[in-house]
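All chains are identified by letter, namely A, B and C, in their written order; residue positions are counted from 1 within each chain.
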Amino acid sequence: MKSFFTPHRIILLAIAGALVAIIATTMRWDWLPNYYGDLLAGVWITLVMLVSTCILGMLLAVPLGLIQVTGPKLPALLCKGFCTIIRGTPLLLQLWLIYYGVGSLFPQVPEIRNSMLWPYLREAWPYGVLALTVSFAGYEGEVMRGAFAGVPHGELEAARAYGMGRFTMVRRIWLPRALHRALPTLTGEVVLQLKSTPLLATITVVDLYAVVSKIRQETYIVYEPMLLLALIYLCLTGILVVTFRYFENKIPTRDV
Amino acid sequence: MTALELLALSPPGWGGLLLKGLAMSLTVAFGGYFLGLLIGIGGSFGKLYGGPVMRDLLDVYTTVIRAIPELVLIVLLFYAGSDLVNRLLLLFGSRPIDINGLVAGIAVIGIVQGAYSTEVLRGAIKAINPGQIEAGRAYGMGPGLLLRRIILPAMLPHAIPGLSNLWLIATKDTALLAVVGFMELTLATRQAGGATKAYFLFFSTAGFLYLTVTLLSNVGIRMIERRACRGMPDVG
Amino acid sequence: MAKRVKQLFLMAVMIAFCAGTVSAADDTIRVGFAAEPYPPFTVPDASGNWTGWEVEIIDAVCQEAGLNCELAPTAWDGIIPALVSKKIDLIMGSLSITEERLKTIDFTDKYYNTPAYVVGNKNMAFAATPQGLKGKVLGVQTATTHAAYAEKHYKDTKVKQYPTQDEINQDLVSGRLDATQADSLAMAEFLESEEGRACCDLKGKAISDPAILGRGIGVGLRKGNEALKEKINAAIKGIREKGIYQEITQKYFKVDVYGD
């Protein structure tokens, strides 16, 4: 701690503190109490979207990566094609394609309205979850491919020598080792996923960005809501990074 | 109208508008990418050789920009940025200038890219064998000459994976400018889809165009990589 | 060495910045409107040109006032910030005159005034009232008087806010929405289109609330711009007196949209 608070740091921190004080006192913050509940709801939706799509995306990414490394030619090619297409097109485009493109097909298939799925197809969040999951899977599929390919062959051969079946080998050796190799990259990717969640506001999912947009429209204030938004995302990112770093340190390693 | 008629290059087909949007996207991507590189070179040097204050300020810059979603940054910089610039100019007594959309878009993408490329270039420069830089200094090379003949060529092979990734990110981030009304490919696609109701067709076409840009970029990057990494041991 | 690099880099940035920004002449008035299609007021065609009733009125008013106008399509939900931060000089994009907006910007006299219609799924029968819309899903465009109206009056309805009216119409057609409230002329245009006729019909006029729905559509400008405001007010009066307004209106609508 001693080396952190060197003289120039203290001066810079003081200047930053003064800036924050000026912003907090001179700018308009009177709208804050009215929207407190909305903001919390927005943060909750953002986090739910983030966690659910990351988990679902990883579930999809692991087979995508594995098949590219081990599998027969055709499935491997399909997986590679899928990852290339997802990584080669903007997420916003994918999102709008799924929401409006699929939506434009509904009038042509009237039976859909009577089906069980209709209440879900009417809502916006399933499309958001689908688009973000597919996007995450596309990027992580590539990361996992590199991770699976990078696990030293000796360990896999030792597993076969012990008579482990393919599934057991994947479950006990390959997957954990690959995940461990990929963990630093995955941290960055989860942060990137957090930064993709605001796009959901364009298809009417009421996440944090949508709430702040609403505040901007109802109050016509230009700077303050956006500053608060930036601050909240900064904090969320910080929490994510710290959490992941904690888990990284908990996994025992012998440097390979 | 059939799909081919809708995509025709001249009106009433919308193909021409889509291609114009693509040209805009690429212009902003190129401009923003190179502006980001310039900022990155300055930033990485500041972080490596600068004083403690410079290093801290640059740390704040890269951390803040990399922690806030691009969409939020684009909206903030687009509206607040031009307003701030005009206020600063008024403070200095000159007239407010009119920043056109293209310049604003390039500036925004450039500032965001700058933060990422600072980190990439910093890592790449650190990976250069220090002996080479010391030898350059021993020969009496000035800072400019050192930068041009030793540092930039030597760091290129280490920087290429990161920089090529940043280029692909730049081309895709231009899509976010659609949210601020800048006429690039994604907004043109939505307009075409909205006017003709053929959403699937136009969004798929736009996706195809973006994919083409990505694949061609990959080919180009591999060529640059082969040339920059000649003489170096093969990786993997 | 770092110092030299810093200086060179700062110089380069300054030059690039200045080169790119010294653009159009200062007497060009940039007129902002929504960048997304809003038939029949502002519609882009395949060559990127803008047409529509409002575009023609913009041309007529600018000509009458002797202003050098440039069309500046802007994202709707950022149009007032764009005006305030001087990216555009006027807003002529069907912006209603409301007390709330008058706190931030200024308005000229109105150039049209039409009521708000509620349009909904033709297979459902309900009235254009808060009770009629209870439990339904209503779509409104963000940053419009209709959004404010829905938030205030339709408390038992699920209100979804969209960036553009065009997307709301799409979701009405696909069945995701039960109803929408929007300007009567835009809704009339929608109901005349093929899918509008197939999916929806008019449920009625929204109950009047001038405090929220505003006193008509005016030209938005920054506060303190009295000279420009006078010029435009005179121009609006001028084109009505000379019959240009009626001529343009007859091309698009069967009624006089000026209102009372």
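Note that contacts are C-beta pairs under 8 Å (C-beta built on N, C-alpha and C of every residue); 3 or more make two chains touch, one makes a residue touch a chain.
Please read all numbers here as calculations on a predicted model, not as lab measurements.
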item	value
Furthest chain, CA centroid comparison against chain B	C
Chain pair with the higher count of C-beta pairs in contact (A-C, A-B)	A-B
Between chain C and chain B, distance of the C-alpha-averaged centres to the nearest whole Å	33
Distance between the centres, which are taken as Cα means, of chain B and chain A, whole angstrom	22
Euclidean distance of C-alpha centroids - chain A vs chain C, Å	35
Touching two or more other chains - residues of chain B	75, 79-80, 83, 179, 190, 197, 199
Contacts with two or more other chains, residues of chain C listed in rising order	81, 84-85, 163, 167, 170, 195
Chain A residues counted as touching two or more neighbouring chains	100, 103-105, 202, 222
Sites on chain B touched by chain C in the complex	10-14, 16-17, 20, 35, 38-39, 41-42, 45-46, 49-50, 54, 75, 78-80, 82-83, 86, 95-100, 102-103, 106-107, 142-144, 146-147, 179-181, 183, 187, 190-192, 194-195, 197, 199
Partner chain A, residues of chain B touching it in the complex	52-53, 56-57, 64, 66-73, 75-76, 79-80, 83, 168, 172-176, 178-179, 186, 189-190, 193, 197, 199-200, 203-204, 206-207, 210-211, 213-215
Of all residues in chain C, those that touch chain B in their complex	1-2, 4-6, 9, 12-13, 16-17, 20-24, 26, 30, 35-37, 43-48, 73-76, 78, 81-82, 84-87, 163-164, 166-167, 170, 195
Residue ranges of chain A touching chain B (in the complex, touch as defined)	6, 8-9, 12, 84-85, 87-94, 96-97, 100-101, 103-105, 191, 194-199, 202, 209, 222-223, 226, 229-230, 233-234, 237-238
Chain C contact footprint on chain A (complex, rising order)	100, 103-107, 113, 121-124, 202, 204, 210, 213-214, 216-218, 220, 222
